[in-house]
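Each structure below is given as structure tokens.
Presented sequentially are two complexes of subunit A, the first with subunit B as partner and the second with subunit C.
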Partner chain A sequence: MAQSNRLPQQPHEVIDRGSPLNFTWNGKNLTGFTGDTIASALVANGVEVVSRSMKYHRPRGYITADFWDPNGFVQVGPEPNVRSGHRELSSGIAVDPQNVWPSLDYDVKAANGLVGRFLSAGFYYKTFMKPASLWPAFEKVLSTFAPGGTVDLEAPKDEFDKRYAHPDVLVAGGGPAGMAAAIAAAESGASVMLVEHEHRLGGHLCWGSDADVALAGELAAAAEAAGVEVLVNSTVTGRYEDNWIAVTQRSHPLATERLIKARAKVLVVAAGLIERPYVFAGNDKPGVMLSGAVRRLVNLYAAKPGERAVVFSANADGDATVADLERAGIEVASVVDARSGANLIEAHGGSKRVSSIEFADGSKVDADLLVVAAGWTAPTSLLNMAGDRPVYDESSARFFPQHAIDNVLTTGGLAGDGTRDELVEHGRATGRLAAERAAAVRHRLQAFTVQAAPVDGDEPAWADDARTPLGRDPHPALFQSTSTGTKSKAFVDFSEDISNKDLVAAAKEGYDSVELLKRYTTATMGPAQGKLETVNTVAVLADARGETIEEVGTTVWRPPYAPISLGGLAGRIFNPHRVSAIHEWHTSNGMVPIQAGAWERPDHYGDPAAEVRNTRENVGIIDVSPLGKLDLRGPDVPKLLNLLYTNKWSKLPIEGVRYGIMCADDGVVMDDGVTGHLGENHYLMTTTSSGAARVWEWIENWLQTERPDWQVHVTPVTTAYTSINVAGPKSRELMAQLTDIDLDPEAFPYMTLRQGTIAGIDDCIMWRIGFTGELSYELHVPAGHGLHVWETLMETGADLGIKPFGLEAQRIMRLEKGHFIVGQDTDGLTLAPTTGLEPLIKLDKDDFVGKAELAWAMNDRLDELPRLVAIQTTDPTIVPMEATQIVRAGTTEILGRITSSRMSPTLNRSVCLGQVASAMAAPGTELELVLIPDGRRVTATVMEHHAHFDPEGERLRA
Partner chain B sequence: MLLVPCPYCGPRNASDLRHVGESHVRPDPNTATPEEWRTYLYLRDNAADWTTETWYGTRCCRKYFKVERNTATNEFRNPPMPGNKLGGKA
Partner chain C sequence: MPEHAAPAMVSPITTSYPSVAGSPLTLADESTLTKTLVRSDQAQFGLTFGHSRMEGDAIVAATRPDEWTILGAAEAVAAAEAAIDRGGFTSVIPWTHGRACFRLSGADASRMLEKVCGIDWSDHMTPDGAVVSASVALTTCDIIRNDIIRNDIAAGGAAGTPSYLLVMDRSFAQYLFDALIDAGQEFGIAVG
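Then we have the complex of A and B:
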């Protein structure tokens, strides 16, 4: 089909007729031009109906033909809900209507229109409330009525990105005033970002007169010359605390959408005005368009919106539309001037298009295009977000801001009316003011930074707002046609299918506050988010209540100003992925990984039980690099250790290693680990793997805020070392082949450390500890040599039966030994002495973190607190799931829970740790467990020792 | 998002820091009554007014510092002083 409705060359068209683009609409092959929007290409091809309405499935055509068009949502390939009034045409795309069944031309659900009285406001709430049991059935049927396109889960993923920006001045809106503000601010020395929602700078100048278009070009060139960063096809979607501003950039060459987080010192809002629809019978019929839509289609895209027009005009833009239509050769059958009191009653027409217009004086004119220029809505969203509360001005029939916020300025149509020159001059004055205030903000922020570069001079005076205000043109207050007595519907909200009758009915039902009315009827809650509907909604409600718009008030506009895709919010994924120096070896040797915080580490290598048995019989090695490690230096380290751990550290000799528990000041266990005394004024502290970052902040907190006079320097060295635990009865035999350090148990006993050369690597630390309960050496070797040491251990230990073991085997072995894990066997209420480590709490120390609470607990109420105990089920084959409840026999009274449980490959029976009420904590006490998930009750016994295996610790001290 | 005046790094997004909370004095654990101790642990003024609070530069300088902020308007005043002992209410 040739472009049947393409007009001859228009003077300021933006299409490139030398560059045709093929695309399909509803399966048919069509052609448009580069520069077209999807909407203008469809109109140029004579497409009249683009969608069906949400509730009544009424045929709909373009009404604004821009981003906000409520009728212009289409499916483009795999992408649903594309705004065809805004999206530019590209070659080869498949465009399809959505919300139609079985087809756009014949829509079965249009029958909803016939039963429309059942679909009035609140219909769904009232009808499908009861019985609740039937809701799944209701939902299934109703979801087929839901609007929107289809999501293709197989479609390739788009690229998204984020960026941070720090402009002095950010200007939202690239019309004449916004451009002038950006230029003046930049010329005053400010760094400026100018954000324009549409595809090109200029705002309403783009579809205006020769002089308008010329000015737009001059200003755009001047903005570039002044060094303004211009972002087109981008929207300022939100303004938050301290001018933290969200910009959605749709024009990035590589990313589908980029979210820019800008911190502007001053925000200039130059969002312009949005043309407001008029509420009259038949106002949603295809062929009824706002003046802006007609001027865009004709002037920018040379697309013919109709053959014979009636223009209803209340302002200069309506008048200019008449001139545009005549220039383009479209017949103007009648111009109806609202300023002289003329009014519309109804747009009549068949199922597809308007055919005649009926006026208040009874006359009727045949036409297939009705142009409506009934007034403007001020999109004050960004000002609302900044705390402004715009006020309604009856003589201009729109809202104006109160200009209450120092670092948010307004210019252009939001601020008032004026000639081109007046708008530009106001914009320039605003830009200069913005730059001056930005300089003052910059100075103030720097003055807070006492250790940064000194600030030059005094803070600049806060510039007064001496701008000459823009005027306010009178405008007839046109919201709804006076007659609503016709059969035909008069729509207030096109995207939600809400008519003025629906609003009046809802108000009569009692929903007569604007916030309630909005939520009950969903008016203003569709994709345009009130840009087109809010003021008419308020006006209809004001009529129904017999009040003024000012008395009724308006709803608050909240972010985002325009929709942001979820992909844009997510951006690229930068989650850290931490692996040890041995990771490659693990992956090529059968590792089954587990994610532990940011760390990916081996859970096991196929058979954790076999790993346990081998470690207990021969020797095993585990990569424990994620273990938190802090290098502590300075003369006051012992004081620090005495403060943060519950036990004593002053007498720990060089080469000594000690275990400690850390509590918060409420006495609750927060971390544990061993710390070794490496040399004079030099210690190495280890923390739990998950607590590494927290403990570092904790130490800094005490050193910086409570004990700033102590000389201690803390360096996190977790990743500077590769940490390997060598465990098992043959570990001494293995290590003897790899180091000169004397490993004789007399020379190198349990809980001591040595430093030296291991596998040819200098500066290694080796200490004897025993989380697994075996004779074991924990090696901390410079991370760059970690893989070498690991591989050397594996080669050298081959004759001894060495095997690697993973986190799971380690967890089993520590449970066999009864060693608890902070956060697994303890919780946010676990006081240190209840974990069985009472001897490690030294109340005779002058002070330590948690001392006060622990002293009170241990002296007064230890008997009232739950205890951590080892538990064995009577039936050794039952492994109660972790979190299994322990109850008083035969009742549901909860007395505790299982915190850890495993089948022990060493003992061939299940072993547990659990927290129980103190009355049930005595060794030999019989417990009753309620198993998950079947609720079966079984018995278990409290054990004498935490260690199920080798309670005397002979193996680890060997 | 709030812009926090870090005395070491300059103005930073609040997400670069951790809000530690109202500054307070840790009582002597050997002489404090349980009431005094638990007031220190759990009770905050939470005033809609000028407060003295502690922030920590988790993603900038790793320093704890004290600032005065009006919780009703989010204004900061008096350049915050680094390196001082942070105990003590304003």
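Then we have the complex of A and C:
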């Protein structure tokens, strides 16, 4: 086929005949032109059947040949579900039909049509329900019938993007009224975003008369001159609170799709009208098209939709289609004027194409094209989303907005009918009104936004709506043919294969509310989301109930107006992650990373057990920069510490360091850490790495809401310091080479801090504490010098056998030492005294957070609470997985669980912490563990101390 | 103890991107600027929350209702610190190492920010000198509009080149720098 159905040049065609494009359809090589849609190129090449319907796999051709066409979904290369009526042709693409087997021409699944009476609406709800055990099998079979194309998981991923915008006025719809509104608003000083669903501005003017096309060009030029931001091939998909407007932009140069989150001061809805199909027997046969489809194909793309046409016209657009067809040289066999009462009965034909049309008067005309111009649906979606419930106007046979909404204005076909000039004038008036109201909103926003430019004068008065309303042209109420008794189906919803008989049957079953009917039959729930189907669905139901459309009412259109791809919703993928100042060194030195919250940290450098041994024998260093750090300043810091920690802080001397447990109001352990007294009214608090933000918020909450009179400034300084723990018996020897601080054990004892110079860097803090149980120094150095200090430590410690160690080695060493980790060894019910730290809970303090609960627990019910204990398996080689259940011997009664476990490289046996029932917590108690995953039972014993290693703490105090 | 020489402060930005002369949009790493945080119950620098101005050669920004951030070369920041009213309850906190700082400049800077941040960047809502705290590519930033006023334009009273300082937690800096470079491709962003 060499564009066999391409017409001679049309006056206002948008294709570039000098720019041919090759593509394939169903494996065949075809040619189109730049400017074609896939649909127009297929029609120009004589393609009649483009898809099979969802349920019955009936052959389908284009009916609207635009974005909303229910039959135009195709596979383009790896991309499924492409709307061929909208997607522009591009060079080299492979276009294929989807969900057909073995081929589009002969689809085995069309056999569904033979059992159609069993596949009526709601059949899913009636069948496959019992026996429930067979559902997985049913599901497998049913999934093969699911519509849609094929997703290629190996295909390169598309780029998606997101953007925020704050236009004064956002106009949805770039037809004559929308363009005029945008221009007028911009000329009135508003910033304006104009969003047009199609590929070019103009709306229906584009395929209209010479004057129509000229006006479209003039308005588009004026919009550009006025500084309007024009987004074509973009759709306003939703309107939310305070005019939060979602726009899907498909025309971005780099992104396949971009979601624009626009906060518009005023929204102008100029969405135009959508041509409505007519429900009659055989209305889904290829060759039955709406007038707009025919006019677009002929006038914009010079594509011939048929050889011999019958036109069923109820309005001027139908009449104009007759003129367009005749001008293009397509035979018009008959024009049937619905305004005079004529009606259709059935479109007859074979599986590939309509062949004749039967009328209510009994006549029949041979034709391969039936043009239907039966009326319009007002796409009031955005108005619905703004709270309006449009009402049906019987004389115009369509819905109109009901309520005036202050910052949502309507113009164009949604507001009424008129000549070109009347529509443009209404649009201009709407644009001016929108600009005036936007100015008032802008004044208000500016006035209460602290960083905004100052505003002069009072807020402008809210402009009254003084627009001259558009008229309403009478139109025949045409929804479904009055003729019945044919065998052919008359479709209401082409996407879902729902006929008028399906709807009537559902209504008879009791689903006679439009909302129930919709959900039961899935009518209006296909890809067009009711744009073509809603009003006909309501009309068929109204007929079935013997009521009017107004009495039946409509469903509510909710976002999105048009489907959005999941990629578009996700937008640009942001994955914030944090690294320390030493990260590059870790990466270059064999780090095996672990994600700890947002932090990327070294889990180990190849052999965590060796890292443990080296630290125990020589000296190791670990990057603990994520350790939460809060700078506390002010005279009331001790009060704050006394309030938030369970122990006492008033007498912590300068250069003193103290460990504390922080509880929530219910006495549950929330965080723990060490706080040092740096100087007068100046402290540095450390928190767990994962708890840093939570503790900061906790403190601010107390200071701002409960103790606003206290003078404390809390500043997060986690990343202001690079934190390095230097641990091991040779750590003092190492540090002595790097600092002027006196490291003598008596001058710098355990649980104290010093400030000074380390590796030439001033303003460093060094505290003698340790999580590993070894003699260790925790260094906090200004982060911009962190890498220098780390590298100097490694270089200086080379002779001492220094090695870096990662989180895993630290976890092992802390477990050997019996230190618990908040959130791992404790949970959302763990009260502080059950962790073995009762001495740190000072009930004799005036008050502290959690005191009441803790007093009750410690005085009255400590025996009822599970306790955290160290556990030793009888077989030392067994390392029970964390979360292993502890049970009463020989039973399934759960008495606790292992919270931490590792094989100790130091002790050559397993080491565990676990929570057990109080009655089982006494040292020496034998426990029974049910191992994961095989359920094998082994025994273990509760140990006397939490610490498996150096329980007296001689090493860390060395 | 052997002598150890103190090296210059190292920026958290370790990746290198090509620098393109005359690029319409630039992202410059200014993380090594000196930064001081002032917390106070006293009015400071005559600045209320949401505004900034030059104090000598340093930028002073009122980043919270009771908080001011001073940025600039070390000498300029030291000079600005002299203007701090240390009465009442006032804390002056070194902030240089905890925060990274980028400067995004160019005619398309606000359009670029629209891709990564939900703030209204129009001239009337965030004029030169405006200060906001917001999520930028899911990272919390203080953003200071600090337009670059070229002398010739300033003399004529015209606006300068839109420029924004983004100040964020140091640990997120490398991620954010990469994210901004990626998001700025459509504007031809280059490292300044």
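Everything below uses one rule, namely that the second predicted complex is superposed on the first by the 938 of 958 C-alpha atoms of A that agree within 3 Å, B and C clash if a C-alpha of one lies under 4 Å from a C-alpha of the other, contacts with A are read in each partner's own complex, and residues count from 1 in each chain.
As a working rule, a contact is a pair of C-beta atoms (placed from the backbone, for glycine too) under 8 Å apart; a residue touches a chain by one contact, two chains touch by 3 or more.
Values in this document were obtained by computation on a predicted structure and should not be read as measured data.
Return first, second, both or neither, reflecting whether A:E954 touches subunit B, subunit C, both chains, or no partner chain.
neither
Would you sort A:E893 into first (subunit B), second (subunit C), both or neither based on which partner it touches?
Neither partner.
Scan A:W599 for contacts with subunit B and subunit C and give back first, second, both or neither.
second
Looking at A:Q704 after the superposition, I want to know if it touches subunit B, subunit C, both of them or none. Which is it: first, second, both, neither?
Touch status of A:Q704: first partner only.
Considering only touches as defined above, state whether A:L445 meets subunit B (first), subunit C (second), both or neither.
Touch partners of A:L445: subunit B and subunit C.
Which of the two partners, first being subunit B and second being subunit C, lies in contact with A:E515: first, second, both, or neither?
A:E515 sits against neither subunit B nor subunit C.
Using the superposition on chain A described above, determine whether A:F574 touches subunit B (first), subunit C (second), both, or neither.
second
Per the contact definition in the header, classify A:R263: touching subunit B only (first), subunit C only (second), both, or neither.
both
Looking at A:W856, would you say it contacts subunit B, subunit C, both, or neither? Reply first, second, both or neither.
In the superposed model, A:W856 contacts subunit B only, not subunit C.
For the three-chain arrangement built by superposition, which of subunit B and subunit C touches the greater number of subunit A residues?
C
What part of subunit A is shared between its subunit B contacts and its subunit C contacts?
The answer is residues 263, 445-446, 449-452 of subunit A.
Quick check: in the complex, which residue numbers of subunit A touch subunit C?
Going by the criterion above, the answer is residues 161-166, 191, 252-254, 261, 263, 442, 445-446, 449-453, 572, 574-581, 583-584, 598-599, 625-626, 631, 633-634, 711, 713, 715-721, 736-740, 759-763, 782-788, 792.
Show me the residue ranges of subunit B that touch subunit A in the complex, using the header's touch definition.
Interface residues on the subunit B side: 1-3, 5-11, 13, 18, 20, 26-30, 32, 34, 37, 40-41, 54, 56, 58, 62-64, 74, 76, 79-87.
Which subunit C residues qualify as touching subunit A in the complex?
Those in contact with subunit A are residues 1-7, 9-12, 14, 32, 37, 39, 48-51, 89, 91, 93-99, 114-127, 130-132, 137-139, 169-172, 174-176, 179, 182-183, 185-186.
What does subunit A use to touch subunit B in their complex?
240-242, 244, 263, 445-452, 665-666, 697, 700-701, 704-706, 708, 846-847, 851-853, 855-856
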